[in-house]
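Chain naming follows the written order as A, B, C and D, and within any one chain the residues start at number 1.
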Amino acid sequence: MTAIFYISAAIAVVATFLTITRVNVVHSLLYFICSLLATGVMFFVLGATFVAALVVIINAGAIMVLFVFVIMMLNVGPQSADQERARLRPHVWIGPGLLSLLLLIELVYSLGRYHTGVTSGQTVGPQQVGTALFGPYLLAVELASMLLLAGLLGAYHLGRGVMTFMDRKP
Amino acid sequence: MILAGLLIITAGGGILAWVVGAWSERACRWVALLALCADLALLIFVWVSYSASGGALMEPPWLLQIDYPWIGPLGIRFHLGMDGLSLLLVTLTAFLGIASVGASWTEIREHVPAFHLTLLWTLAGTMGVFLALDLFLFYFFWELMLVPMYFLIGIWGHEGRVRAAYKFFLFTQGGGLLLFAGILGLYFLHARNTGVYSFQYRELLQGVASSSFAFMLMLGFFLGFAVKLPVVGLHTWLPDAHTEAPTAGSVVLAGLMLKTGAYGFLRFALPLFPNQSAELASAAMILGTIGILYGAFLAFAQTDAKRLVAYTSISHLGFALLGIYAGNRLALQGAIIVLLAHGLSTGGLFIVVGALQERFHTRRMDELSGLWSSIPRMGGVAMFLAVASLGLPGLANFVGEFLVLTGTFAVSPVLAAIAALGFVLSSIYSLWLIYRLFQGPERRMKEAPDLGGREMAIFGAIIAVIIWLGVYPQPVLTTAKPTVDSLVSSATYVMQAADEFGERERSPYEETGAPEAEYDER
Amino acid sequence: MLSLLWLVPILPLVGFAILAVTAGQLARKAVSVIAVGAVSLSALIAIGITVAYTITAPAGTVYSQTLWQWMRVGNFAPAVALHLDALSMTMMVVVAFVSALIHIYSTGFMADDTGYSRFFAYMNLFVGAMLTLVLADNLLLLYLGWEGVGLCSYLLIGFWYRDPDNVRAALKAFFVTRIGDTAFAIGIFLLFTSLGTLNIPAVLDEISTYAPGSTLPTAAAALLLVGAMAKSAQLPLQTWLPDAMAGPTPVSALIHAATMVTAGVYLIARMHTLFVMAPAVLLAVAIIGAVTQLVASFSALTQYDIKRILAYSTISQIGYMFLALGVGAWAAAIYHFGTHAFFKAALFLGAGVVIKMLDEEHDIFKMGGLRHRYPLTFWAFLFAALTLAAVPPLTITFNSKDLILNQAFLSKGGRGLWILGLIGTFLTAAYTFRMVFVVFFGPAQSRPEKTPARSMVAPFVVLAFLGAIAGIPELLTAIFGSQNLSSFLRSALPGPTRDFPSADGPWLFQLIYVATALAGIAVAYLLYERAPQYTRSVVSTSVGSWLHRWWFADWGFDWLYQKLFVGPYVVLARINRNDVVDLFYKGLALISRVINGLLSSTVNGNVRWYVAAVAGGAVIVVGLVVIL
Amino acid sequence: MATIPVETGFIIAGLLFLLGLIGVLVRRNIIYILLAIEIMLNAAGLAFVVAGAHWEQPDGQVMYFFVLTMAAAEVAVGLSLVLQMYHKFNTLDANLINRMRG
């Protein structure tokens, strides 16, 4: 089981790397879904079965579909990929890479100073999560629902007018 | 109850004036005026009954107190108290309040109700500052006084009002921050020492141990008040604010708001930190002396009449600072008289300049000249006030400045002698002002009316009080005496300051200790 | 009668109060009645008091009257109290009497001036302040009077305020005297701090316990001396007095000749014990007096303006009084003050008549031959001039000035001072009669039409007459040995320290003085009446013209002060108009504005830049956490 | 189920997060940026879940739930903004849309 965890972790990292390096946005999207699925496996292995399901259904399933919709609406074609390729010259990677490397070193260094132990390997099932959500986190859940509502309204409001513009476009 | 009454009348009068103002501006002015007159009447009643009682007090030096719990858990109480010093300054507040309402009778034509609301709230804040005996409450009033003042300058001021209002607010708020830090530090220091969380003046008065932390706290108080006074170096907000403010604003600023700084020294900075103040006394006295001379020097340089008058405040309050930190009985009494006298004479000069601006729409001294022949009454009044301001004996300022210098001389003859040069420099700027405005060749100006009945009434009252303080200041001295006594008796800083200057071991009036009987001739 | 003393200073003040409150609303007649009435009544009471005092001197020869307690803080308790002794009484009666006469004169002189009421208000205030000064019982009240007269001097010099020159002169007078006043005030601080009282007799008592020449009396006396020097226009603070002639002539007569300028003399006489305790300062007084009178006499010789001649003459005569004080001839100084008050006021009033008749002409060389047109004025003027020059016939002997010179001669090491004084006598006679000859003799330069009002001539004649006969009491003493002013003053002031060894001494010296004075007159006659061309040729030589310009410009004092003090002060003030301290705060504002500019340039709207900043911040923060 | 060192989990989460960060920093196309943000959110969620698994508590998963909610809302609003942006400026380059600079 541990091996599965590491394999899926490796897949996730590689897929994520590919996500950010691809010039075709649909490819990137697919790699990211791949990364998400790998993450779902990791969750499952860690015993978080509920979020493993969530990640597949909502993240990979719903949110990514939104991206696909938008990409379709924007109608980005091959010229976009060329543009992306032109933008991704090697030197643009240097700064962010260094920055991230520094952060990673710091992270590793500071994690290395503490040995917090291992994960328990016990499954924390949907029941427990549900009890927690509608117990102590009830208020937060309400707030999350408000947030979603706000997101809905915001998206609706912002999206108005765009559709008509899209329709007119040949 | 009278104390709360004062605040309620003033603040309530402001609201009433605002409400009534929607209906009639005239009524609004009258409401404001009557509210302040009621204050003044109340204060005179307090003073007379105090004098009639022969100065007997329940709990010296307090004449009146009220004390209600306010925010219990933090040890904050609504505690007001009035002693002789407060009485004098609150009376000055009411008096100058009346004068400034009178002075803006025709000057202010826009947003009249709001103007009177802000003016009266400023006055209420000032009174509160003079009365509060709870440090939190004190700070509350301290801020209450600033915010309306900011609007007073920013809305009804002259050309550069917005910038001046910002500058005023930044400086005073910076000072206020230090003051508040000092108050909180003292609060926690006191709590750590005694385990009691209290903002009560009386409890905090128990004394703080000598420590560098206490010195920092004292410095916080000192700087907070020094900005307000203003001590030279922190004074640059003053000329801008005074110049740009409307007449009433200038009168309140110079006549009252600067006094809150001096009052803060007398009421809080010195009694709360006697030892720490002693360490600072010589520096403060030197600053005061510099202020006297530098303020006078700057005043002379100005071409804007109002700015000139504004700079004179720095000079006059230098005397107050010198007297406060010289710290013996003479100097302290002198400083208190200086506060009153400066309020009257400089307030009066601001009203004169305001009246000029209302008539000629300029304050520039090179655009005005030879006004005496067209408006002789104003010339006479201005001459009187200028002469009072330069410290002519027989008028109020002289009594204060002379007492301050005599007291200072016992502590540091050199500083007293240098400060006495202020007599020369003050005469230069005062008479220069008169020369540039009222003397010299007549300029073709537009016809302007001389002082009318309303203005003459204001000036008449101011002049009468200045003469009274000049020839018979004894009632004021007697009223302030208990406060000064308690300051002197607790003031170790006096002796230390004297030591520091390496002068006489004791001044003669400290030795005699002024038996009580001497004060009974009234 | 003595209990009416308080009325003497109060009456003029009441007159001032009425005139000030009515502010020019009253008719001229009413103004005159109030102003002249108040001062005259005051003068009458003063005379009555003098009579009462001389008939039955009060116990201890001092009468004091406390009006009210001014203020009391600890033992700082100056009262508003009056102190009458022989000294203050002499001063009081002279001041009140001369004031009354000059007020009467002014009703004529100012008759058509628009500021009639204002003028009399100031004059009344002045008289009140001067009498307060004279009668004050403590130094603080004296200081009140002292400053009060200074203020009135300022107000009256600048009375015709439309001319900036007049106002400048007034300001100069006030500022210069204020410098002295400040020194005086510091002296008061010193005396109070050391002695614990300001009451003059108490101060003098206390001070006499100190060793002569010790620090306290010397310092205090020196400070008071500076005050006296400024007020009495003594070197080097004399520059304001000639300019003060910008005021109306009665003002010059009253304030800048008869009364206020002698306040310094009075102060030193009043505090004589203090000065005796400070021999060095007393010597300085004598030297200042002697030098001043000489310097001023030279300047007087060169002036064209009749009032400026008289002004320098006043400086010079007060120099004599200082000399007298310095050599310990207290009574002689006061005596000279009295005679000087009369004759110098008379000279000014005479000059005023002439100026008025010639339509504000001040230049003596544009006058001439006036003795035929105005004989009464001429004779009175001549009498006063003779008194000033100290010549027979009427002011025959023991003129006050001669008393002073005798004492100077007798005092220790005073021969040098005596010689200076003698030169001064010669010069005095010369410049006085230069003026007389040029104004009243010689060819007439104009044909004035006007006739002086009686109210102007009468006080003038009375004063000239009094000045001339003022020598008589002393003369009588010399002949009959009766009571005279000096011995009268002895109750308040110490007598002359030395006397001539033989009775012939005074007569011999008298001859010398008379001869000197006559020589001066003769020289003036020769140079200005008989042969003016000599004068012109002397002045036209290079040395002559240089000296003339130098003396004419008051020995360059004004120039020096302008360069040393006034100029730098004004220039510095102008440079610093915007307050150098504010630069600091302006700098703060600038710095925060610069920082604001820098920071707001980082807010460039580029999302990726923001993210990079967040990441960089995270690197730093986490790095700090890791490292620390 | 598997037991793994918590640090390892965190380092994986950190790696993912940093890749997301690099994505945001490198890409100029705003859709990529949104995508990279999703990566970072997901990485943070992973850290929560690892911690929750260590303590054997549901709180980590609860947090992931909230992260997910937020991500959903963000993507909804973000993408509609992208549409608006494309509408207004006809570009998806984040560098060219800097009108909100101070």
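Operating definition for what follows: a contact is a pair of C-beta atoms (placed from the backbone, for glycine too) under 8 Å apart; a residue touches a chain by one contact, two chains touch by 3 or more.
All values derive from a computational prediction rather than experimental measurement.
Going chain by chain, each one touching the next, work out the least steps from chain A to chain C.
1
For the interfaces C-D and B-C, which has the higher count of C-beta pairs in contact?
Top pair by contacting C-beta pairs is B-C.
Take the average of all CA coordinates in chain C, do the same for chain D, and state the distance between these two points in whole angstrom.
Centres of chain C and chain D (C-alpha means) sit 93 Å apart.
Measuring centre to centre with CA averages, how many angstrom lie between chain B and chain C?
38
Take the average of all CA coordinates in chain B, do the same for chain D, and state the distance between these two points in whole angstrom.
Chain B and chain D have C-alpha centres separated by 61 Å.
Using the average of all C-alpha atoms in each chain as its centre, how far is it in Å between chain A and chain D?
It comes to 6 Å between the two C-alpha centres.
Which positions in chain B are in touch with at least two other chains?
In chain B, no residue touches at least two other chains, as defined above.
Multi-chain contacts only, two chains or more: what residues does chain D have there?
Touching at least two other chains: 21, 25, 28.
Please list all residues of chain C that touch 2 or more other chains.
612, 615
If we use the touch criterion from the header, which chain pairs count as touching?
A-C, A-D, B-C, C-D
What residues of chain C sit close enough to touch chain B in their complex?
Contacts found on chain C: 20, 23-24, 68-77, 80, 118, 140, 143-144, 146-148, 151, 154-155, 158, 161-164, 167, 171, 174-175, 178-179, 181-182, 185-186, 188-190, 192-193, 196, 569, 572-574, 576-577, 579, 581-582, 585.
Once bound in the complex, which stretches of chain A touch chain C?
95-96, 99-100, 102-103, 106-107, 109-110
Where on chain C does chain A make contact in their complex?
Listed in rising order, the residues are 612, 615-616, 618-619, 622-623, 625-626.
Using the touch definition from the top, list the residues of chain D that touch chain C in their complex.
Within the complex, chain D touches chain C at residues 21, 24-25, 28, 33, 94-95, 97-102.
How about chain B: which of its residues touch chain C in the complex?
Residues 232-233, 235-236, 239, 297-298, 300-303, 329-330, 333, 370, 372-373, 376-377, 380, 383, 387, 392-394, 398-399, 402-403, 405-406, 409-410, 413, 416-417, 420-421, 423-424, 427-428, 431-432, 435, 438-442, 471-474, 477, 504, 507-509, 512-514, 518-519, 521.
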